[in-house]
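Each chain carries a letter (A, B, C, D, E and F) given by its place in the written order, and its residues are counted from 1.
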Amino acid sequence: MRPSGRAPDQMRELRFEPAFTKHAEGCCLVSFGDTRVLVTASVEDRVPPFLRGKGQGWVTAEYGMLPRATHTRGNREAAKGKQSGRTQEIQRLIGRSLRAVVDLTKLGERQVIVDCDVIQADGGTRTAAISGAWVALRIAIDKLLAAGSLAADPIISQVAAVSCGIYEGNPVLDLDYIEDSSAHSDGNFVLTGDGNIVEAQLTAEGATFDEESLLRLLRLARMGCDQIFRAQLKAAGQ
Amino acid sequence: MRPSGRAPDQMRELRFEPAFTKHAEGCCLVSFGDTRVLVTASVEDRVPPFLRGKGQGWVTAEYGMLPRATHTRGNREAAKGKQSGRTQEIQRLIGRSLRAVVDLTKLGERQVIVDCDVIQADGGTRTAAISGAWVALRIAIDKLLAAGSLAADPIISQVAAVSCGIYEGNPVLDLDYIEDSSAHSDGNFVLTGDGNIVEAQLTAEGATFDEESLLRLLRLARMGCDQIFRAQLKAAGQ
Amino acid sequence: MRPSGRAPDQMRELRFEPAFTKHAEGCCLVSFGDTRVLVTASVEDRVPPFLRGKGQGWVTAEYGMLPRATHTRGNREAAKGKQSGRTQEIQRLIGRSLRAVVDLTKLGERQVIVDCDVIQADGGTRTAAISGAWVALRIAIDKLLAAGSLAADPIISQVAAVSCGIYEGNPVLDLDYIEDSSAHSDGNFVLTGDGNIVEAQLTAEGATFDEESLLRLLRLARMGCDQIFRAQLKAAGQ
Amino acid sequence: MRPSGRAPDQMRELRFEPAFTKHAEGCCLVSFGDTRVLVTASVEDRVPPFLRGKGQGWVTAEYGMLPRATHTRGNREAAKGKQSGRTQEIQRLIGRSLRAVVDLTKLGERQVIVDCDVIQADGGTRTAAISGAWVALRIAIDKLLAAGSLAADPIISQVAAVSCGIYEGNPVLDLDYIEDSSAHSDGNFVLTGDGNIVEAQLTAEGATFDEESLLRLLRLARMGCDQIFRAQLKAAGQ
Amino acid sequence: MRPSGRAPDQMRELRFEPAFTKHAEGCCLVSFGDTRVLVTASVEDRVPPFLRGKGQGWVTAEYGMLPRATHTRGNREAAKGKQSGRTQEIQRLIGRSLRAVVDLTKLGERQVIVDCDVIQADGGTRTAAISGAWVALRIAIDKLLAAGSLAADPIISQVAAVSCGIYEGNPVLDLDYIEDSSAHSDGNFVLTGDGNIVEAQLTAEGATFDEESLLRLLRLARMGCDQIFRAQLKAAGQ
Amino acid sequence: MRPSGRAPDQMRELRFEPAFTKHAEGCCLVSFGDTRVLVTASVEDRVPPFLRGKGQGWVTAEYGMLPRATHTRGNREAAKGKQSGRTQEIQRLIGRSLRAVVDLTKLGERQVIVDCDVIQADGGTRTAAISGAWVALRIAIDKLLAAGSLAADPIISQVAAVSCGIYEGNPVLDLDYIEDSSAHSDGNFVLTGDGNIVEAQLTAEGATFDEESLLRLLRLARMGCDQIFRAQLKAAGQ
């Protein structure tokens, strides 16, 4: 029995609210239950130094958490003067996940910076961020297409992410904070719209897991991502 | 004529949405028109080192702006590794403004940290932050009172803030971004519920101003703050 | 009765010693009583990146305090690895104050960096710094004019600053450290030679103040600045 | 055909040289072909603040790369003033991997800090580091056991790691630098001596991969780790 | 012929102005010609962590240079966020030099922090700093002795420093900036009042030097230090 | 009697192992007894900004110590976010020592960065580093000469370094950690192949020393360096 009463393969309520803020080329407030992440996609007409003059674009991500997004207040990274290892790990994951579904040469010499800021945390902030990031990116790219700034759509496929784990001996989908805190093995799967794996990260701090568990978690992740893919399309007006 | 069509003494639409997030003891999403600031008040049962054992509490504030809260994306302070002078100036102002209306000895050995994070910026983020901070603080203190953790209410008065400036020769209230960018002299007034001045900051980068202008701006500020005071009370359920 | 025995509207002894050091284009050791600030103005033939190619110049300021300028030793900011919020607030104020009286287009593509280093502190370091900065700037600009590097004088007016506050219920001018420590409301006024206001900053951490107090403090500030203006002219050899 | 001429399931030459340096409680210079990592395990009689008084120990890791461990010189992280996201990601992974096979309560209030410094890099530095770290840890723990400082062995199992990837369409084991640079999907597997998974990280920046590929890579990893497990035991004198 | 017209063994004009500022326990503005360093000695009733409870004191130094102490403005170390290698090298040298003539056990559990801030630089700032530091320290210790806070004088001997170098082939004493810039081998000698060597640092970036030169420079240094010793005593009122 | 049983003028066992790693243009693992330093010389086809377009090259050095190179683990400088004063002092010394024997104009617009990383410390890491650095530099330059990239050999002479000190009243050569910890006066001499002095640094924290001691230490240093010079030539294949 999950603390929330959900079935093992049941996602939390999904919400994608595009245009929550007005300045960014793409924006989406994504909610996986009580986990809420504000995602913006900013288009810039320049690329990072290592790509200058190579005729291709770049997609990158930054991640942050408001100090009181969590049960007890965390210190502000800007005040501490550095981003934690966890923050850097997550923002690198988001960036890689997005680049896996973008044809960077079709993007031209442009950079899209996707900012994912956690407004409220209840487990799964990185998977919500990736899933919302695709929506914000899709909206931003659609604006470029509509404006004639892009000749062809650089987005190859959808991308979504969800966490799975073994909670009290049972494989469950989309862990919330209570489950996440006590699960000894869990993972994050990043999948494409056509069913392939972009990233799989499984970690067992307590009990290790075997090959069968890995496959069962992957199967759960597919179910979750299918649901996310549908919600993404609707939110992005496709 | 103001770009927004507002009258010189007309505030933008004010909104205070308490409980926008769930973890903090006090929370309020404050909007001055398109300027939106998420404020949380976190209560901690300890005080900063310089106050330990002195039998009094502390109220302090931190301020941040999401990278794409603005027209063009700003760099993330956590990534740059330091807070700008502007950020520090603003968070010091918010902290002083709140402490001016709190009896710190009645707070006991507790600290309230108020986080003000700008979700969307359109001028006046610091005044919106101060005004919303009072609401978040009021809600957090009310919880402590209701729980019997405080014997007496440490909040002495309301506090609110608003900007005023000379825009195209005319004194106007609550400048938005367009007005703020071209106004050469403007100021921020922080007032208490009983009509006194907590802080007044006037700056003239272009045309300097005289005593009469100062008084006219102060009069506008009073009008604006009166409106804010009423909205604060309603939002805090008083 | 003021601790120093001064009358309420009496400034401390003012001293401007130009050429205290020899390398800078402009230099002035300014004293407001025991508060002593060494100011240098350095002229550089380049502007900050955001102004390149715009055909105008820039004036900016930096502020520091020697570790033992104060009663008890403070930590060296260079050793701590960052400037405090207070330091940044002050140096931003000095820069804005100077720019308010300089026509930057007449300065050409040049930058003047004004360094204000507090040798000894006894209250009012920022107002002494602003007042001395004008003298150092005036001397530096005069050298450029004498050398034919500037076609016209970019300095529009004098600028000076002084603090005022309510000390034991009475409005007083130019607070020293003892007064500053116990005054609950005080402010800094930055005025131009023709009597206008460049900056006004009033703060009440303890008792708030009303409109009448604001005006009385402003009147005191005018009296103080008039005295500073005369001393500046003499020091700058005008 | 692999650039090195190895068979798809062939590891590079493995070497574990214990006692390469003399000060640390445990030490091992590990080589996976030309990738060489110096690992030391330092035992300290104190735990990090968050574990004080909880009657358990801690195992953590730090990772670094000498500036010229690579083909072209990289900047020294100590000179840049911060560790890269990559460095932090790797040292977190090493720490988690070790903790998965240590019973921290049997360790007592002690901390083991494992330093992994890459002397020469040719792909797979993190997997070599984890594999060598177990040897250094084993040696350090054996010293504590021999000295009677520990009542029971806190090490539950061996742990080893190896990378696998799809290189030119074929799944291969233990990628070297050339393979790593052009492989579009690869992963790192951390396995325990009894065949379970501690961590699995798969990444596809270019072509994504399917479930079958994941399983084939896992199978290769098992083959590689079995070889590493035997070499570890021999090096640690078991 | 030296640029200044001085004889090879001639020091620049020496000046020690005690009590240039009023807050520090010991203070001295020292001038070696146009090189001017403000030195303060601050006495604190605590020692650094590594000496707590060991029944002895500590003497340490910090060094800084005002941005425009030099011909062209240098960046402010507090703004850059770190002290240069040169700064750290010099402050470590000053601290060691002072500790060589202080009996730290007689100092009790006290720390004296000596701040040396260069107001104007013209070569030899570190030697002027060391020489002035002794005066500031002497004055601070005399106050402790006069107040009965110290039972016995912890200062064992005087200490002074001077630079020497080979300028255009000739050994010269107390190099100014012009000489320092073109001398290819020069050194700093720190000597005690009884003629012994505390520190000797000789550097040859261009032409190396032989044993005879080393001895001739040492002999010049003795002559210079004798003169400094007399001036120190007079300034410290001995 | 020295703790190691060595004669006063006896060096520890010297070893220079070239090509310990493969990527760098020059490499040498140098051992002075148990002190082992891995030195690499990296050649880059660009110079630092201050030398651009001046038709000359540059040689610089960086120094680091692995956290457990020492008896007790030291904190990693990359994790602390800054290099210590000691580190900076040493790397500046290594750089100056090398530049003293290189004709930078013959190097062309190239930079050689010499990285010295201490693998194991037992006293004298900086002198071992300098001595090994010459070997790595020699090898790197020989490659440039062999490839025809340099017209003439920019290396003017050999350079080597060794420490000397007064241990229990007797002058001894090449101090190990035990001697170094208790010696109150010691020094480092950097000498050229033709017997001249590049750097001499003598420090007396405890007992100061006289002119005769200085000369005796210098004589010991010559004996030590002669031995190092022979070993360097052999290692560099000259």
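Keep this in mind: contacts are C-beta pairs under 8 Å (C-beta built on N, C-alpha and C of every residue); 3 or more make two chains touch, one makes a residue touch a chain.
For reference, the UniProt names are A, B, C, D, E, F = Ribonuclease PH.
Everything quoted here is computed from the prediction, not taken from an experiment.
Chemist: Assuming a repeat means more than half of the contact pairs shared by residue number, which candidate in A-B, B-C or E-F repeats C-E?
Modeler: A-B
Chemist: Provide the C-alpha centroid distance between subunit D and subunit F, rounded to the nearest whole angstrom.
Modeler: Chain centroid spacing, subunit D to subunit F, equals 33 Å.
Chemist: If you average the Cα atoms of subunit A and of subunit D to get two centres, how far apart are those centres in Å?
Modeler: Between these chains, centre-to-centre, one finds 28 Å.
Chemist: Taking the mean of the CA coordinates per chain, how far is subunit A from subunit C in Å?
Modeler: 50
Chemist: Enumerate the residues of subunit C that touch no fewer than two other chains.
Modeler: Counting only residues that touch two or more other chains, subunit C contributes 81-82.
Chemist: Beginning at subunit C, go round the ring through subunit E first and name each chain as you reach it.
Modeler: Here the ring order, subunit C leading and subunit E following, is C, E, F, D, A, B.
Chemist: Which subunit E residues qualify as touching subunit C in the complex?
Modeler: By the definition above, subunit E touches subunit C via 21-24, 27, 34, 36, 38, 40, 42, 44, 62, 64, 66-71, 73, 76-83, 87, 113, 115, 117, 119-120.
Chemist: Provide the residue numbers of subunit F that touch subunit E in the complex, in ascending order.
Modeler: 82, 84-86, 88-89, 91-92, 96, 99-100, 187, 192, 195-206, 208-211, 214-215, 218
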